[in-house]
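Alright, structures below, take your time with them.
Next come two complexes built around subunit A: one with subunit B, the other with subunit C.
Entry: the complex of A and B
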């Protein structure tokens, strides 16, 4: 069965592009969210296998959303996917429970590699 | 040039803009899958009117994306691109099978600027250790003069002479006609020079 993914990014274009890459590689995109608050709600209702999470978003940012989701399910697999690649931010995310950090612009192979590693 | 900053200080600014812009150019080239080059950055103090005579006419209609920088240093990044270049850039970014409507086009341009500015800022934090974050990009279409003057007012820059930090990008032999402006809030540049010790 294909793995179920929740894509979180405020940019419509990025969600479309990620969805395209994931679906071509056998993943099922079960939901999309455009801010952290929506991400937490969609996580509760859909219980995806993996979440891709942007950081800079309105309402609630990705780091906050990551922390909220980890409270709901400490085993949640969340991959941060952001243009903000500063060391301090990567450390914050990993400490808060993210399993990987991809800096945009990403290469398609890098994304797929990270998701495959997450579900192993 | 100005009396406000020394030649050495402007030179440091230029080098920071060079490194920030260089990283940004690399990021866009990944995104559009084409080599992107950058001209030597402009760092200068110009009188308000000179900006429109030397940089761009004030009544030119442009696409602009604004991002605010917060944290240890505050300021604004403004990416200005002609309508024609905006469409060229977007077409290069979007996979062939995706349908383009206006909403997707604007979203793609905002994402391009998000990546561009974030690469710039990421590079800056490696040179000057600091915590910098950027806000969600805002898109607007208006005359260059209107966009720039409202930006300088928002950044509380009321001086008649304005610090211009500008990076211009090219791909292949065509100029993208896209420029990135950095408008620091008052005091930021002075704090930076203090930190570096010049």
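Entry: the complex of A and C
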């Protein structure tokens, strides 16, 4: 059974990129969301195994969405996607329950490594 | 190490670079031994080289580099003074290294006698008190990770207490990957993970420092947990961006208080990150190049163009049936075609500053040579052009700039007498206009006098009957034509302008000249881009639909007839408090227009605005430019034609031609 992933990012390009990486490595991308609000909705409806969560997004940012999702499922596996210079936000996210983070630009191997670690 | 062969090219390219840098830096270091940043750079370069060599399995190279690194380490810690003897030794080592690399490049793996060198290096390193062995290197056992002296009594008690209660204590040393971006966050994730299974009783640097990210890539922890060592190791190693992890059980030290025993049970694990050979060297700023036949790129481009046409047609179909099933994939197709286009274009493009950046120096030299004061202004140096065009552009531009400096700009005294500033200006600007790039060379010098040309032409026996001033000036592009009264070193031998024109034409470009006596001369070169797909605004003029390249359009304004002011038979419009000439497209093209137009399209050509009047706006669309065949080539008003989504054919207006004719009429 391939693991089911929800991709959250406001940029279509980043979602495409990530989706591509994931699907080529045997993950199933079950849903995509372009802001935190959507992410929470999609999480509720899809119950993915893993969520990749961008930090900076309109409507509701990744940290807020993370907190919301953790409320729904404290065992949710959420990997933050961050850019350089978001150190403190990443740490907030880890504190709030994110299990890992990956840094943009994405390197395929690291993305996969992180997801594999998440589902261990 | 099975498939490293494909990284060989990158490896050698990078190795050359590092070796070069090392040689350079060491040389500099000899003159400048106090420069710590230099030492740091040397150390880093050596360290990287070592890692690369080890990854590729080039053991001799790795070994030698490793021992050099140890010497550099003593520089860094300030324990060795940098003497010329040591520098000589380093250079000898570098030479040896280059030799090894050259042989490797040639595919030879020889057995080098590097023992002597290594012994010397070690001696220097030892004198400097460096720990023999330095950091991790292939197959070498390491010095212990945790410095026990740093553990306080309280911690020792804690450790002992832990053992009494079935816990184990570990010293953990983590080295993050060099390209790790958010070190603080990474360390935090690792610590967080560990703390789920135990407790960290000490960290070096402190956790605050770790979280701030203000540390070198290395940190050490004392960790208490019920987990076995290999579990701890695996747990840390699972994290991203980790170079190496060493986990060592501390129990030993509790039993035996001799520090020597540290040597005994050391677990070293160098993590060879598989992604390293590919991403490492590439991301560190080295590009690789391949040569590709331009024809292949051309056919690639053509295929992409076809794709765009069909995409537009699909979009039209979608508009009719409005099926959401089609919408989503169609959007993806749109995105991908756009990316494809960008890609194929970028492959061929190069910014013009490759050529332009040599001109400031040239103009400075020229002004000295000619005893003139000249300022060169360059604009739009980021404008990109096909790389074949860029490389050919240098020669004609050099010529035009020389001309401008020599014939155009007057001597400072003359300029003053004429009421101009002493300093003349040559302005070189490049900008993209639709599918072309326009480069202008403008000077504020004396201009070209049509009368002088006329005289010169008559002397040469050219019939000048009935030629307009513009046509007369155009004669300078003919062979053997020079208006200069005397020949200088710089220019004026009458070879040149025709060569310039030939060159530009051979690039499928055009050159023309606008000159006003006393005010200056502007040469305008228009060059084709490979850009054959552009964004366009579709408009209606009379019964016809035309496409205007969106790139030059500044604004579209609804037209109220009262906005247009007539002066001396010309029409102008006030835009941004400036009067700009109005071009009635229907008049230019001899088309009937119903009600005098509905919109003014403000276009910016170089630094001049024009207002184009059209009847109706249709919308924005991506179009593929198809050249007009040889029969229609003479039509100056059009850039080409395009096929619209509905299959109709539309002409693309050549805005700069439409507007420049306007200028001549003035």
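Throughout what follows, the second predicted complex is superposed on the first by the 118 of 120 C-alpha atoms of A that agree within 3 Å, B and C clash if a C-alpha of one lies under 4 Å from a C-alpha of the other, contacts with A are read in each partner's own complex, and residues count from 1 in each chain.
To be clear about the criterion, a residue touches a chain if its C-beta (ideal position, glycine included) is under 8 Å from a C-beta of that chain, and two chains touch if they have at least 3 such contacts.
Here the structure is a predicted model, which means the values were calculated and not measured.
Looking at the shared chain after the overlay, A:26 reaches neither subunit B nor subunit C.
Once chain A of one complex is fitted onto chain A of the other, the partner contacts of A:56 are limited to subunit B, with no touch recorded for subunit C.
When the shared chain is aligned, subunit C comes close enough to touch A:100, but subunit B does not. Shared-chain residue A:12: touches subunit B and subunit C both.
When the two structures are aligned on the shared chain, A:86 is found in touch with subunit B and with subunit C. Shared contact residues of subunit A, touching subunit B in one structure and subunit C in the other: 12-13, 16, 82, 84, 86-87, 103, 107. Contact residues on subunit C toward subunit A in their complex (touch as defined above): 181-182, 184-185, 188-189, 192, 211, 213, 238-241, 273-275, 279, 335.
Considering their complex, residues 27-28, 30-31, 93-95, 97-98, 103-104, 107-108, 110-111, 114-115, 117-119, 121-122, 125, 131-136 of subunit B touch subunit A. Listing the residues of subunit A that touch subunit C in their complex gives 12-13, 16, 82, 84, 86-87, 90-91, 94, 100-103, 107-110, 113-114, 117, 120. Listing the residues of subunit A that touch subunit B in their complex gives 10-14, 16-17, 20, 56-58, 82-88, 103-105, 107.
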